[in-house]
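Structure first, commentary second.
To keep things simple, chains are lettered A, B, C, D and E as they appear, and every chain counts its residues starting from 1.
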């Protein structure tokens, strides 16, 4: 008696609707939104510098690791100078080196961080834009 | 056991280790003492069930019908369409192993195929092969296999080593119920005439005469009359049970085991004394039926259809006699059938009244549709409202523990009522350890039609976990009486205790109540219902 | 050596190589990045729904809850509201406990006799592993929504904060990923090393476990070791969710392996025991109230059966009944 | 394309090898440019070093609160130390205190009046045997190679064990986000967040670029600063030629701040 | 050191191996369960076996100068044999575990047993005696099983027949007492 009807129809359908709603949530949530991958914007100063402390591909993936190494060595070992592979020396300071060039947090940092839903607490202490008041 | 073991296997147990093989590669070994005899063809035939024949489980040839595989496949398919439980249970087991060591047969026999998960896998392996895509593509890797005579024999052997007690189901995260799977598997086996005699013959008898033993109406009455004499001697009052009485208040149905086998007979005498008391004191009229003289329903162990056929008598008789509602005696699977199946199968029950206890005025709300009340519920209500005069001290020589029978426990939830009754009729009550009672209760090892003589080893090993807990309270508190609310328990547990804990005897709830009951007009009772002297009361009588 | 888990292990390795060869060496990134995920989603949704519908096409003829507590009877006996529910509300609670807390697995207790006293201990390893596995998996899945939603909604941000509360390491460690890997490894070890579990386990038990282990491992590798370009990855995944397909350059092959394994899991899901996700809601021993005697349950295929009627009975035994003084319907 | 293909192969290799392949992972962790020379992490050229930085305060030259004020101000200003409105929320790196509090074990009923009413500067003593370092569960507080007891704010979990351990009360806890209470933010030095402990760091950031600590610089030679183990240093010179005491010396923490009375 | 003392020191190691060996007489999956599950109510077979083996060992390793207490040995043997008598063991397998002890003793005692052959022989003889007692108990249990079978059969039918008036009381002097059914 292979039946075509559903038993407990109401409950089963309700369950399936909930299941589908959960699964299709991303499609509905994003409906009509174009959300292209963000391009970090460079300040004139950064543009002029052409290179960061390391190459862009490395910075893209590893900047957090680099900053981690920086903060550790400067705070704990007292070494405060970073000589990059190409021989340029930089002060290992988020406030005074990184944010000096990339003083546009909203356009440079936040875009990607927001996009990737990463919320580091660097700026709780390190100043957003050291030069902005001057 | 018949084979002579090789010397190496006997003494070098230290080195000897059977080669590790998967369960599918281990053929079934039907062992003496672990199986029941094949169904008597006459019984199968009487019920009109298919493929009645003489066959022997130990023979190679089971004389199967030619198209037996087709029959099974069709039967399987039909049942998948009828029972969501089977379909879901076939699909969702993750083999987490939670059930594996919860089965009393696994614990007692040590046979790994008695792990509930494997018992179900025996059927699932065929399900995957016959009904799923992955089974067809991946074959053995997906855990599927083809149906062969070997597999069929394995099914038969292990499906009749399950007492449908549902203990594993309590622990399963998805509630997969091995009882459901066993019921289903046995239904399939019955399509091929592969029942056991300890089920088939009682079913045939019950169908014809109303009870398992095939006791004919006049003999049934004779037996109760026999109890009347006993009661007159021991209590000093003449009880007058009524039979097939039209217009009685209620119809009473209990398993016939209580009528013909000790110690169930004492429980039956307990009922009779109680009904006499209610009649004398409150004019409450309860009648017995010879037509529906069986509460137990071995059809439940055969197929849903057979269960329904046997069960139909209860409502038919209640309707014919015009009673208000039905009172049910102490029985295990009888109550699973009444509670979870009866009204669905043979209802609706508009010819009966919603059960009310006229003595206390209590409405049995939980039974308002099925209109059948458990005697423990009834007794608890009477005692709570102080409607029974009781002399607890008459049970003082007993130290009682209570065995929760599987079906009322896990198919109903009857835990407090019997304990309440026992506490009110006995002064010494001790529960067994918590993981062996209530919803975790261990089976007597003989349920679901396995209470035969020939599978004694199976029953004794299956009862070991229960016996072990009884032994504990016996040693710790001196418990000497095991109370229960199930006729199979009363039939099986005395054998079990005699082997494992000989100092402990078995009783029904109503027997304990009747022992304590002060019946109007009784003489000084010096014995219990078993005719045994009550310690401390026998001296006066000695003078005679 | 057990053919069941060796097969599963090899199968997962082959899948990894397939994704590596396909998306990496051969450069079929669109196939692996767009086509397969859509296919997987369609099969998953279609398969899941059809399986549930298939179950629903079979009725529940009898009300057969497993009662694991005192029934509701006389008003003065307190009953077990969730373990033996008598109402739909109780059933809902029971299901919640079952689905969210694995109530039944939590029943495992063990007793020891010490100095004539019983000591009960909870035996909860299975419960703990299972709970750890399911919850960490759920957390990981929800966290991954950040790749499919723009802007990332607040609840995911909260969940990430909670999951990363230890603020260890860089990138900040999400506990759930490690718990997931650890729990699946333990569940696998249990299957391999416990003879009891080994005996009952099939290839279809090992395969999903090993697959999930591989998914967790590749995920952890991408986050902590061989980092990928997250922005590019999100561009691809968000593209899937907005139907603006884009396969950016320079996404690591590890990403495609991870994505492919997830797709395989989704495709495998509806045809396997993983359907217990849906099945647990359909289990008649858990999702019904124990009120069978109070409310009649209807069986849609209840068909009439042969019965032995009273008339037939009396006809056979009338003489003996009359002789014994039993009342009869028709005069003898 | 060539490059990404190569890195792809490596990554796939790691995936196949599983998590156990430490060497392969190390190669990967170094990023794409294995041919490039390793970056170097070094001290700055003007950095001053010492085995154990120490300070001597000539209390004779700092007679009034007015003398101390600019020193404290100099420190707190460059380190973004907030001015909390409530006394018990106060954050302080260097502060003024009375004789009896600073030297409780030297206190007697009758003492030199000039000493008794003189205000004393108190700050972290940068002990050679610092109890606060021992109790820190995350090693946020540590003693660096120059003998400075300093803090790695990134690691502080706010458990405040160090505050309980410090006998000098040199540590303050941020019960609130300090930002609104900082008058002029020095953007070259980080702020702190709610829930961390802070204290004087002997101006480690200034020493690294060859500058003396801010308070010393502002003290108009009322304070000396230098390496305690360099016999030629100014601190040793001052200690040699004056009677100095240290705070709670009997506790055995061996403070590096000396007071000329 | 007297042999009894040595046995005392090795007791735990010997018992552990003995129990393992007995557990190995079950299928592998079951063996692990018997050894692993400590709850005597969830694992009555393992629990009873463990207790029995220890009791037997204590008797065996008691004062070797006097005769072994057969009654006590029997009391300790009873629970484990009672179980094995109804499990699917051949009679030899059901009682043969007693002999496992011989091999385990030899291996465990090793060097210690040198020069004590007389006492060791006596220990050996005790093990043989124990095995014989075990066989007696086994037979008693088997007889009990058969007796239970026939009792049940009789109880079920006899009382029913009796109450149905189908049984005629046997006169006191009737020689054919064993066949009460007409």
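What we mean here is this: contacts are C-beta pairs under 8 Å (C-beta built on N, C-alpha and C of every residue); 3 or more make two chains touch, one makes a residue touch a chain.
Small disclaimer: the values here were computed from a predicted structure and weren't measured.
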For chain A and chain D, what is the smallest step count along a path of chains that touch one another?
1
Enumerate, in label order, the chains that touch chain B and chain E alike.
C
Going by the average position of its CA atoms, which chain sits the greatest distance from chain C?
D
Among the chains, which has its CA centre at the largest distance from chain A's?
E
When the mean CA coordinate of each chain is compared with the mean CA coordinate of the whole protein, which chain is closest?
C
Busiest interface, judged by C-beta pairs in contact, is B-C
So what's the Cα centroid distance for chain A and chain B, whole Å?
67
In angstrom, rounded to a whole number, how far apart do the mean CA points of chain A and chain E lie?
72
Nearest whole angstrom, what separates the Cα centre of chain A from the Cα centre of chain C?
34
Let me have the rounded angstrom distance from the C-alpha centre of chain B over to the C-alpha centre of chain C, please.
33
Of all residues in chain B, which are in touch with two or more distinct other chains?
81-82, 84, 100-101, 112, 115, 222, 433, 435, 472
Name the residues of chain D that each touch 2 or more other chains.
none
At which residue positions does chain A touch at least two other chains?
1-3, 7, 61-62
Flag every residue of chain D that touches chain A in the complex, lowest number first.
31-33, 36-44, 47, 142, 144-146, 150, 152-154, 185, 187-193, 204, 208-209
Parts of chain C lying in touch with chain A, wherever the complex brings them together:
41, 45, 48-49, 52-53, 56-60, 145-146, 148-153, 156-157, 160-161, 170-172, 227-232, 234-235, 238, 241-244, 246, 248, 278, 281, 300-301
Chain C-facing residues of chain A, complex:
1-9, 12, 15-16, 19-20, 23, 25-27, 29-30, 33-38, 60-62, 64-65, 68, 112, 114-120
In the complex, the residues of chain E that touch chain B are 21-22, 24-30, 33-34, 37, 39-45, 47-48, 82-83, 86-93, 96-97, 99-100, 103-104, 141, 144-145, 148-153, 155-156, 159-160, 163-165
Inside the complex, what are the residues of chain B that reach chain C?
22-23, 48, 80-89, 91-98, 100-101, 112, 115, 117-118, 121, 132-134, 138, 141-143, 166, 169-177, 180, 207-210, 216-218, 221-222, 243-246, 290-291, 304-305, 308-309, 312-313, 316-317, 320, 338-341, 343-345, 347-349, 362, 364-370, 372, 377, 380-381, 384, 409-417, 420, 433-435, 438-440, 472, 476
